[in-house]
Every structure is written in C-alpha cells, then in structure tokens.
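Next come two complexes, and both contain chain A; in the first it sits with chain B, in the second with chain C.
Showing the complex of A and B:
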C-alpha cells in the first residue's frame, strides 16, 4: 500500500495453475483457532475458541467476534492482526454505504465488498494475501438471515452451517449430522456450543469462547454471563 | 440573471390516498426565448420512484443520467429495487458531493415506499432534504406553486381527484410566470401502475 517500491504482485501462478500464496494463506487459516457458524430462519450464531497462550492474559479484553453494522458481525480463523485490518475496512465501507443510501448495508453487499478487498491483495504490488477466513453473520436486503464464509482468495460462499480453522473437518461432520433446515436459533446456539466443545483442548467455559448472535435483525456479542446460561442448559 | 432561472421550470408533487402524483410544465427556454414545448423534466426511475428535476437543463439531463447509472448499479448488486427513501438520500449525497461546484437543479422525489405509502421529498441544489406528507414544489414560480397547493390541497385524495388538484394547481401557477408553462404533464402513481396525462394550457 502507499509508497511501495514493488509495482509487481507477489502472488504469482505456479506451473500447475495454483496461486501458492493463497494456498499458504489457507494453511495459516487451517492452523488458526476453530470458528463456526450456523444459520437458521430466525437468526444466526457464530462462535470461536478464544484460547490464549497463558492464563496471565486478560482474556476478557480480547475480542474476536466483532460487530460491523448493527445487523452484521464477523468472526475469523487465522492471523489476528490481519483480521483487525479487515474489520476496520468493513466498518468504514458500511458507514460509507449508510452515508450514501441512508440504510444499513445488507450482509451480501458487505461480503462482496470485503471479498473484493481480499482479492485485491492477491493481485496488487508489494502486498500479501490476508491470512484469515471470515465467517459473516447478518441480515440481507430481503430481510432474511445469512451466513457467509470469505476466504483469503476473495472467494465467498453462503452456508447453512460451517466451521473453519483447526479441526474443521470433524466440526463440519458434527454440524452436518445435527443441522436441520427448520432449526431454531436457540437450538443452533446449543449445537454451536456442543460442536465447539467436541474439539476443545481442555475445559471450555464462558471466558475462553466468544459467541455472536443475529436475533430479530440485530447483531450482538453474548456476554460471558449469557454464554454461561447456555452452557448450564447444555449440561 | 440567476442560473436557476435560465431555462425555466415548474413542478409539483402531491400525496393522495395510497397514491402520489407528480406534475411539471413542458417549457424549455433560453432566457426569454422559448426553444421547446415538450421538454421532459419528470423521470421515472422505477415503478415506485419518479423524480422531477427543475433548473438548468443541461444539469437536469446529466443528473438524470447519473441517477440512472447509480440506480442501475444498485439494482444489479443488491438484486432488489431502490425505495424512494434510499433514492432521496442518495440524491442528497450526490448533490452535496458537488458542494463547491453544484448541479443547478432543485429536485423533487415522489414515490410509493415498500408498504405502498406515499413518499415525497425535495431538496435544494446542494442536497438539503425536506420530507413532507402533503406536497412539494420546485421551479421558477415556487411562490405561485405554494399558494395554489396550499389552497387546493386536501389530504387523502383518490387518484382521479389528485390528478385534478395537481393539474389545476400547476396550470394556475405557471400562467403568471413568463419562464414556465407551455403545457404540462401529470403522472399519477399507484401500486397498480402509473397513469400519465398531458395538460392543455395557455401556449404563452
């Protein structure tokens, strides 16, 4: 960005037609802490494992689930600092949308915008791709709930339920078994917590996970107390 | 000579019962000389939004094209139609972006929102918006237009009565203004469609 001496892209094709930098970025994602999301007709839940290096870390100050507009939120797996750049850009772009149209940016537009930024970093001079995959929960222009995944390449997918990061294959299998089209949000939150617990190293509690929910058209990050209530119900 | 009075215009938009009407004169002049008697100043943006652009004719046409462009992009990206509120907000932003070299146009927006309720707004040339429930006016004889609307307007008029009210208000206002008139056009918008009628007025 800015005054780069590099006018050439660092992401170049291999002989086999792959963009290795993107593959490596996906590896960084696969090594990141697990995140997952489930989309139901009455809401969306996204959650992540917040395990940190040492018990001395003030874990409540770490924020991985972030609000972008009052009806959309992000969570990620991968490189934290890269994520924060994307959150900043997404927030700015959705405020610009509101300034022009007077309305909250629908989640599909936010996703396209963010994906477009991530794609730029695979085809611009002197930069590397973002080492994160995002899970985006929100409400769309037609009023319906949506869950999207956005990858370092800029590719995006709509999901009914998905998981990314460490152990994502097991988590996705678990979700596939339990997902139902007519699921309600409360069931989805329970399922999300059960899925997280499946691959959790050590004991899962209301402080070492983070949960975000889209409910009645509004996004909120659950407090540890609210998470504890759900965990108690699950037991 | 005021640049907003170079070409001449008169327009009104009014709200009725589950319908809106928007009317404008047909004159295009170059100061005192009348050049065209069928100049279009009211544009249909989609089934729910009509915009009236009064002021410098070149800016009327350019702004219309800019709005078509923005609306087209919105509909392609969002896969849905723009509502009149969003359109009005966008127009306001577009005008303010040219704050220090503005479009010499004072628009009025008339439409039906997503619940088929009337929406009316108007703004000045740099985008200061005003939303009303009864009527909005713009042009070179706004004094006359306000007077006629204030006198003739009644809330909750049905489509046919709204047409009559709009037509009479417009024709009486332009007769005392040298720069507007030479015919008129009225569009009545309901959830079932748009009815457009040409007005026969004094050709002077």
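Showing the complex of A and C:
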C-alpha cells in the first residue's frame, strides 16, 4: 500500500519502519540455491547445491565454496557476482590483518568485518545491498569452531546448524531434528548431505554439490572424489 | 644512553631498564619507569627520546586495549602484539619515525611460556631468548651469551640480570644508579624491584 512508495529508495525508512530494499534483497537470497552448515566441536561443514541452468556448463569450474583464510571458508545463497565481491574483500582484509598481527584473523572478526561492509551498502548513496546471505565456517580466537550467517542487512548470527536459500524452512526443520550437541564432524557431513538431498530437484551427485569442511583448524573444499566417498557410505 | 635488557625464563620474561632521564650534562630525574605495561600479560622496555618513548608506548597500549574491547575480550598473543608494533614502526618510518628501540616481553597462556621480541627504530623484529638495547649491549650481551640456558628458573634469570647491572655499574661511563626490574608470568606484569620510586614526584 503506502509502503511501496518507499520501496525504491534504500536510504529512506518506510512509514512502518522497514527498509524495503533489504527485504527485497532477502527475497533474492530466498530464491537462491540452498546452502547449509553444521557446526560440531571437532569441525564445521558447509555445503551447497551447485545445480546450473544447462548440462553444457563446465560445472567443475564453478566454485561456490571459497577459502578466505587457511582456517575459514564461505558459502552463499543468492546473487553469485555479489558473492565474489564479498569474497575478494574478505580475503584482502584478512591478509591486512596478517600483515598487522602476524597471525590468521579469527573467524568472528572476519564476520564482523564482512558484516560491516554489507551494512555500509545499506546506508550509502547510489548503491544497493548485496543480494547474498553468507554462511561462514571457521576457527575463532579461542580455538573453537564456529558457524556464522551474515545477511544483506549486515546482521550476523552464530549457528549450531542452519540453512539458507530455496527450501530453507524444510532444511532447517530436518536439521533441527537431527542435530545433537555432541555430534562429530563425520556425522555432520553425512547429515549435511542427507539434508541437501531432501530438497534436491533431480539426482544429487558428487559434481552438482559442493562441500567445505573445517577440520583440525584448517579449511578445505572437498574434491568430487571425496564427496563421492561420503555419498557411497550413505547408500 | 638508555639501558634496556631482558631474559626469557621458564614460564615468563624479565625486563630491566635504567631509570635516568637526562639530556646533555643535566639529569632531569632518576626514577623514570621505562618498562611500560602494554596489556595484562605483556610489557615493553623502551629506549630513546622521552617524547617518542611515551607517545609510542601509549599509542600501542591503547590500540591493544581497543582490540580487546572491539573483539569480545579476545587477547592478542605476544607475537601478534610484537608484529603490530613492528607494523606501526614500519609505517611511521617513511613519514615521521619513532626513534625508539624496544624489548617487548609477554606471557602466553596457550603455550604456558614467555617470549621476548627485539624491535628497533627501523622496524626490525626478531624473537630472542635474551636481548638488550643501547650501550648496555656492549656489556650485557656477552654475559647473557655465557650464562643463558634453556629452561632457566625465574631466580636464575634474576641472577643474570643482577650480574648485568653490576657490570654496567662498574664499566659503563655514564652513571646509572637506579634500575627498574619487572617480571611477566602467568600472574601478569609485576614490579620486582626499582632503585627510584616512579611515584615520587
């Protein structure tokens, strides 16, 4: 109704106290391919559906799970090109941290930094918010594993397990039922794959999903062969 | 002219510095504290002009406090603090250099160990088991070379410090009657002894 008159200007609140551009950015995220993450005491797993428009696309060259520091990684749901900008900025800022302190930036600080960038784009002229929500897996300053979600508004949340993108409600319900506080990383990887398969359109295989794992303080993207091993175990 | 030296021992670090504040032929004071506390478990022995000494240490100490405030109480390791200092020195070097030579010592709970870092005004950084800045080096380094061993106790380390101070009192041209000695271990930064009380105005 009257709200729509405020929907085009990012930097103006609507009468009901909303910033509609951010709501619309969240819609873009909800239309994106599903991503999820599970955090356990001995590691973190993040995964995403990599389904693409045509079988002619060289899918192995598409990279959605990205390493930011040697102990943190990102995955996203939403607009891919916006994601790449955030990945670049996060990598650069964590190297700047390394230059200053000689150590790897803890994940909570990386998240705050990235969230701060995303917030800037909700309060500046001539820009629009990033159309992505991020899932960040990593190791914090106290040595513990963490999973964070960062939204287009710049809000961030720590999670034990969560899902974003298409079908996130079903995925989250599935995770809620299966999550246990004393879960181990291997269980979590299996659960993550099962959850992804629940909402998958068509057949899920080791090439049309991507999985990233924080294990022993190091982040790595699993190869299709490694994913296949886990899928075989599940069957 | 400042004498600054330090030794790592098992579970901590000892830092010592003279307490004179002088220029040309005049001694302003004999109770200056040149070993400044940086954070709960680290301190810096500084040599150089008084202005740079104070400006630099206050700047670093407050930035370290800001880090803890901004990051949920996360503490920076001694190595990270030393690297931060070095970066600040490096950036300032080509603009308006800080003419300070430092020995940064700290204790890290993670390793249950002390560590000592040598930094100079050209932004060099080196982790060392023992070190000294200034003319003191000529007298102290050979003593420490001879007497330092891995796994020293706090008492052993203090004996070596005493030995260095005696040597300086005997052989160094400039009279430095008072020394401030501080110890950093799992309980934090504490004053072991001083010649002149810095609180005396």
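Note that the second predicted complex is superposed on the first by the 224 of 235 C-alpha atoms of A that agree within 3 Å, B and C clash if a C-alpha of one lies under 4 Å from a C-alpha of the other, contacts with A are read in each partner's own complex, and residues count from 1 in each chain.
Assume a contact is a pair of C-beta atoms (placed from the backbone, for glycine too) under 8 Å apart; a residue touches a chain by one contact, two chains touch by 3 or more.
What you see is a predicted model; the values in this text were computed from it and never measured.
The superposition on chain A brings chain B into a clash with chain C. By the touch criterion stated above, A:131 is placed in contact with neither chain B nor chain C. Once the two complexes are laid over each other on the shared chain, residue contacts for A:43 go to neither chain B nor chain C. Once the two complexes are overlaid on the shared chain, A:142 sits against chain B and chain C alike. Looking at chain A, you'll find residues 99-103, 106, 108-109, 112, 141-142 touch chain B in one structure and chain C in the other. On the side of chain C, the complex with chain A involves touching residues 71-72, 74, 76-77, 79-80, 82-84, 87. Per the touch definition, chain A reaches chain B in the complex via residues 99-103, 106, 108-109, 112, 141-142. Residue ranges of chain A in contact with chain C, taken from their complex: 99-103, 106, 108-109, 112, 141-142. By the touch rule above, chain B contacts chain A in their complex via residues 74, 77-80, 85-86, 88-90, 93.
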